[in-house]
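Below, chain A partners chain B and then partners chain C, in two separate complexes.
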Partner chain A sequence: MAPLLAVRDLRQRFDVSGSIFDRLRIRNGRITAPRRIVHAVNGVSFEIARGEVLGLVGESGCGKSTLAKTVIKLHEPTGGAIALDGEDITQHDFHRMRPIRKKMQMIFQDPYASLNPRQRVRDIVMEPYLENAAGPVPDVAERALALLAKVGLGREHADRYPHQFSGGQRQRIGIARALSVGPDLIIADEPVSALDVSIQAQILNLMMDLKDEFGFSYLFITHDLSVVRHISDRIGVMYLGFMVETGPKDAIFENPLHPYTQALLAAAPVLGTPLPPAADAIKGEVPSALNLPTGCPFRTRCPLAFDRCAVERPELKPVAGGHSVACHLHDGGIAAA
Partner chain B sequence: MSEAARMSVAQPAPLLSVRNLRTWFHTFGGVVKAVDGVSFDVAPGEILGLVGESGGGKSMVGFSIMGLIDPPGRIEAGEIVFEGEDLARLDEARMRRVRGKRVAMIFQDPMTALNPLYTIGNQLEEMLKLHTDLPSARRRERAIEMLREVGIPQPESRLDNYPHQFSGGMRQRVVIAISMIARPRLLIADEPTTALDVTIQAQLLRLMKHQVTQNAASLILITHDLAAVSQMADRIVVLYCGRIVEKGRAADVIERPRHHYTRGLLDSIPHHDKAQARLRQIPGSVPDIRKLPPGCAFAPRCPAAQDICRRVEPELVETATGQAAACHFPIEATR
Partner chain C sequence: MTALAQRFLASELFHNYRRNASAIIGSLIVLFFAGMITIGPWVVAQDPYDVAQLELLDSFKPPVWLEGGSPQYWLGTDGQGRDVLASIVYGSRISLFIGLTAMIGSCLIGTTLGLLAGFYGGRLDSVIMRIADIQLSFPSVLTALFLMSAFGTGVEKVLIALISVGWVVYARTVRGSTLRETQKEYIQAARVSGLPNAKIILRHVLPNVLTPLIVVATIQVGTFVLIEASLSFLGVGVPITKPSLGLLIKNGFDVLFSGLWWISVFPGLFIMLIVFGINLLGDFLRDELNPRLK
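Now for the complex of A and B:
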C-alpha cells in the first residue's frame, strides 16, 4: 500500500542576508556582497504509513521543526517533493492546499501562542471544520462539545477564553482543534515539552488513545528521547538538517549505528543511573547552518571521523530491516578510504 | 526536639540549614504561600536536588536563600542559617557581601544573567574585584584560568568577547565560571540546563559537579528533571505547592518513594520497559496556590487519599533510614 506521507529529498533554505547595505563587505580590498543562506533542511526523505507514528528527534537547530512546517506547507519548500496520500502537494498554492488541510493538521509546542486569545474555546476548536465545510453546519454546538469531550474537557469549558486554562488544558484544546476535521496525519511539534511531567503523561496518553480510536498517523517531533521511545513506531534522527539515521524504534535504541545517535542516547539522563563519564560524551557544539561542514555534517564532532568524512557526504543507505544510516563507517567505509 | 538533637549528633554541622521557611506574596488576589514551612539542611560538599513541578516553590526557596525576594513577596518566618549566620535577617548591604562571594546562583537563561554591554572578561574580573583582594594584574590571569577550567577554547581571546558572541551552551559555561570564580561555599543552580540540548546538558552537569567537588563547595540543584537530579544529587527534596512532601537520600527517593506525589512523578516519565503501554498519570492538575484545599494539598489528586487527608495536613515523618514523607498513608517499602 502506498504510504500516507512520502517526502523525497526535501530541502529548505532561508536567505537571511538582509538588504544590500547589510551585505556589503570589504574583503581583500574588494567590495563584495555575500549572501547568508541558512541550510535548514538538506535533502530529507522519509515515509509515514497509515496509523504509524514516526518520531523525529534531534537537538535544537537540527531542522526538525522547519521540516514539519515545510511538510504542512507553512514554508514553501526550496526543493524536493511532498506527497500526501499519493497526491503531490509540493507545488500547491494556498488555495489548493485548503482541502489538503482536512487531511493534515498540526499541534504546536507553545499552547500559549497557538490559540487566539480573543476566541472562545468552542469557536477555536470548530474553526478548521467550518473553514472546510461545504455548506452550513446545523449542529456546530454539539460538534464542538463532542470534540471537547474527546479531549477530556467539559461543557462548562466551551465558552471560556484560552487564558482561563492551564498549559495542559490548552494543549488539549489544540488537539481538539486538530481533530475537528478528522485528519489522516497529525504533525505534532514538541507537543509536551512545555508541560510539567505529570501533565506530559496525561497528554501523551490522550494522544495515543485518540490515535487508537481514529487510526490517524503522527509525525511526532521532540527532543526528549524517553518520550519518543514511548510513542513512536519508527524514529528518524536529524542533525544539522540531515536525516542521519532512521529505523524501527527498537533498532534505533538497541542498536544505534550513527555515532551521533549513539552520543545522543549516551547523553540523555536516565533515571537512577550515574552521570555518564566524560569519555562517552561528544565534544563541542553543533556547527552553524549558515556554513555547513564539507562532507559529513557530524564530522566536526565525531570521535570516529576519518579522511573520507571530510570530502564525501554520506548518503542514507539501508543496512537491515528498515534500518538506514548515513555514515561511511557502515558503507565499507574504512576499507574504501 | 529530641529527634532533631539526635540528628545533629549523627551528622556533621550543615553548611546551610533552612528552618521552617515561609516566603509569602501578598497580592490583590490573596496571599500566595509560595514557600510554606520548608526545612532542610545542606552538608558541606553535598549536592542537594530540589525537585517539583512549576508552582511547587522550588525557585522561591533558591531566591529566598539569595535574599532576592522583592515586594509584594516577603520572608514571613523561618531561618536560613548559613555558616552560622541567619541570612534571613541580614540587611541588603551585608547580603551583598554574601552574594557571589559565599553563595552564588545560576539561572536558567544565561543571557539574562550576563550583562550584554560588558565583555565577559570585565564580568569575570568584576567578581574578583568585589570579592577578593587579588591585584588587578592577577585578575586577568585568574579569569583566563577560570574560562579554561569551564572548557572555553582559546580563553585568552574569548575574554574580550561580549555575551552575544557565545552560543547558549558556552554562555552557561561563562555563567558557571563567573559564579565559581570567587570560590563560593554554596552554589544554587536553578534549572541550569533546561534551555539546553541533551548533549550540552550532560557536559554542563558534569562540569558543575566537577567545579563543586574541586572547590569542596555544596550545590543546590533546582530542577523539574528527575532523571538529571537522580544522576547528580546525594539527597533529594520534593516540593509540592510550597511544602516538602518528601526528602531523603537520592537513591531511596528514586527507587522507593514513600509519598504518592513522588511516585506519580516517577511513573509519569516514559520508561522504555513499558513502551507503548499507557503511562501512569497523576490525574488533575496542580491546584491554585491561593486556594489550597484543607489538609494535604495533594489529596485531590492522590490515589490513596482518605477522609483524614482532606482535613489534617500531614507532618513530615522520618523513617530509620532518614527518608521523610508528609503523608498519612505513605507507600511501604514492599514495591
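Now for the complex of A and C:
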C-alpha cells in the first residue's frame, strides 16, 4: 500500500539578501551584489504510513520546522516532491490545496502565539471545519462542544478567549482545531516544548490517545529525545537541513550508526548515570546554513571525519531493516575496514 | 448589554480611569462639547445665521459682566449683532463635524492601505510607504494649506485636504502592527485552515491591530480641529456661510485691537478647551493601551 505521505528530495531555500541596495558590496575594488541564500532543507526524503508516528529530531535551526511547514505548504518548496495519499501536491495552488487541508493539519509550537487572542474558543476550534464545509453547518455549536470534549475541555470553556487559559489548555485548543476536519495526517511542530514539564506528559498522552481513537498519523517534530522515544514508531535525525539517519525507534536508540546520532543520544542525560565520554564528542558550532560545508554536512564537528567526508556528500543508504544512514563510515567497504 | 457594562466597570481601564484626574477632566470636557453640539442649538437663544433673528442695534455688545453688557448675550455680540455664545455653539458643530469626519475618513483609508502594505509586502508595500514618507516630510498644515489654495474654500474640500494629510499616521501604525501580527503562528494556522487572504486580513489581522488606532484617532480629532481652524483663519478653509471656530476668530480679528476682544478671544478659548480635553483623554488612553508602558 502506498504510504500516506511520501516526501522525495525536498529542498527549501530562502533568499535573504533583500533588495539590490542591501546586496551591494565592494570587494577587491569591484562592485558586486552577492545573494545570501539560506539552505534550510537540502534534499530530504521520507515516508509516513497510515497510523504511524514519525519523530523528527535535531538541534535548533536544523530545518525541522521549515521542513514541516514546507510539507504543509506554508512555504512553497524550492525542489523535490510531496505526495499525500498518492496525490502530488508540490505545485498545488491555493484552490487545489483546499481539499488537501481536510487531510493534513498542523499543531503549532507556541500555544501563546498560535491562537488568535480576539477569537472565542468555539470559533477557533471550528474555523478549519467551517472553512472547508460544503454548505451551511446547522450543528456548529454541538460540533464545537464535542471537539472540546475530545481534548478534555468543557462547555464552560467554549465562550472564553485564549488569554483565560493556561499553556497546556491552549495547546488542547490547538489540538482540537487540528482535529476538527478529521485529518489523516497531523504535523506537530514541537507541540510540547513551550509547556511546563509537568504538563508535557498530559499533552503527549492526549495526542497519543487521539491517534489511537482516530487512526491518523503524526509527523512529530521535537528536539527532546525522551519525547521522541515516548511517541514515535520511526525516527528521523536531521542535521543542517539533511536527514542523516532514519529508522525504527528501537534501531535508532539501541544501535545508532551516524556519529551525530550517537553524540546526540550520548548527550541526553539519564538520571543516576554519569554522561558517557561520547557526550563531549560534538565540538564547535553548527555551520551556517548560508554557507554549507562541502561533502558531509557534519564533517566539521565529526570526531571520525576522514578525507572522503570533505569531498563527497554521503547519501542516505539503507543498512538493515528499514534503518538508513548517510555516513561514509557505513558505506560498504570502509565501514568494514 | 448589562453584562458588557458590568465588564467595563470591573475592567482595569475603568479602575485606572477613576484614579486619573486628568483623564476625568479630559473626558468631562469632551462630554461637555458632545452635549454642546447635540443639544446646544436648542439651548442658546438665537440662530446666528437666521438674519431675521439679528438685531443690528445690539451689535458690538460686550460680555454680560462688563459695562454695557446685556443679559441676553452672555459673551457679547459681533458687528452684526450675532450672539458670540450662539456662534460658538454653531461653530463648534462645524469644527467637530469636520474633525470627526476627517478622522473617520483618514482611519478607513490609512488602515486599509496599512493592512495591504503590511500583509502583502513587496512592491505594494514600498509604493505605499514611500508615498507616506514623502507626505510626512512636509508639515501637515503646509500640505493642507497648499491643497486648499488649489481647491478653494468649502467644507468637503477641507475634508479632502485633512484626509490626504491624515491617512499616513494610520497607514504606518497599522503596517507596523500587521508586520508583527503576521509573523505569529495563528496566521499560519489560518492558512493551514485554508482561509483566503481576504478572510485572514479581516478576521485575524484587523482585530489585532486596532487597539493602537484608538489613541491615534482620539488625538487626531484635536489636531484636525486645529488645522481646520488655521486654514479658516487664513481664509482658505470653510466658507463664510458655515463659520467654524477658526473662522469666528478671523471675523473678530479685524476689530481685536479696537478693544472688541471678545469676538475673537472666546472662540479661541473654546478651541483651546476642546483640543486640551481631547489630548488629556488621548494621553490617558495611550498610557493604558500601550502594553510597553505597563
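We adopt the following convention: the second predicted complex is superposed on the first by the 326 of 337 C-alpha atoms of A that agree within 3 Å, B and C clash if a C-alpha of one lies under 4 Å from a C-alpha of the other, contacts with A are read in each partner's own complex, and residues count from 1 in each chain.
Keep in mind that, in the parts below, contacts are C-beta pairs under 8 Å (C-beta built on N, C-alpha and C of every residue); 3 or more make two chains touch, one makes a residue touch a chain.
All values derive from a computational prediction rather than experimental measurement.
Overlay on chain A: chain B and chain C fit together in the combined arrangement. By the document's definition of touching, of the two partners only chain C reaches A:P128; chain B does not. In the superposition on chain A, A:I37 contacts neither chain B nor chain C.
By the document's definition of touching, of the two partners only chain C reaches A:Q109; chain B does not.
Once the two complexes are laid over each other on the shared chain, residue contacts for A:V227 go to chain B alone; chain C is not touched.
By the touch criterion stated above, A:R101 is placed in contact with chain C alone, chain B being left untouched. When both complexes are overlaid on chain A, the residue A:A83 reaches neither chain B nor chain C. Judged by the touch definition given at the top, the superposed model places A:L304 against neither chain B nor chain C.
In the superposed pair of complexes, A:P117 makes contact with chain C only, with no contact to chain B. More residues of chain A are in touch with B than with the other of chain B and chain C.
Rounded to the nearest 10, the superposed model shows the Cα centres of chain B and chain C diverging by 80 degrees about the centre of chain A. Between chain B and chain C the least C-alpha distance in the superposed model amounts to 10 Å. According to the touch criterion, chain A has no shared surface contacted by chain B in one complex and chain C in the other.
If you check the complex, the residues on chain B that touch chain A are 53-54, 167, 169-170, 197-203, 205-206, 209, 224-228, 230-232, 251, 254-255, 264-272, 275-276, 278-283, 285-286. Chain contact summary for the complex, chain A toward chain C: residues 69, 72, 74, 94, 97-98, 101, 105-106, 108-110, 113-119, 127-128, 131-132, 174, 177.
Of all the residues in chain C, the ones that touch chain A in their complex are 184-186, 188-196, 199, 203-204, 207-208. Every residue of chain A that touches chain B in the complex is listed here, in rising order: 59-60, 166, 168-169, 196-202, 204-205, 208-209, 223, 225-227, 229-231, 249, 253, 263-264, 266-276, 278, 281-282, 285-286.
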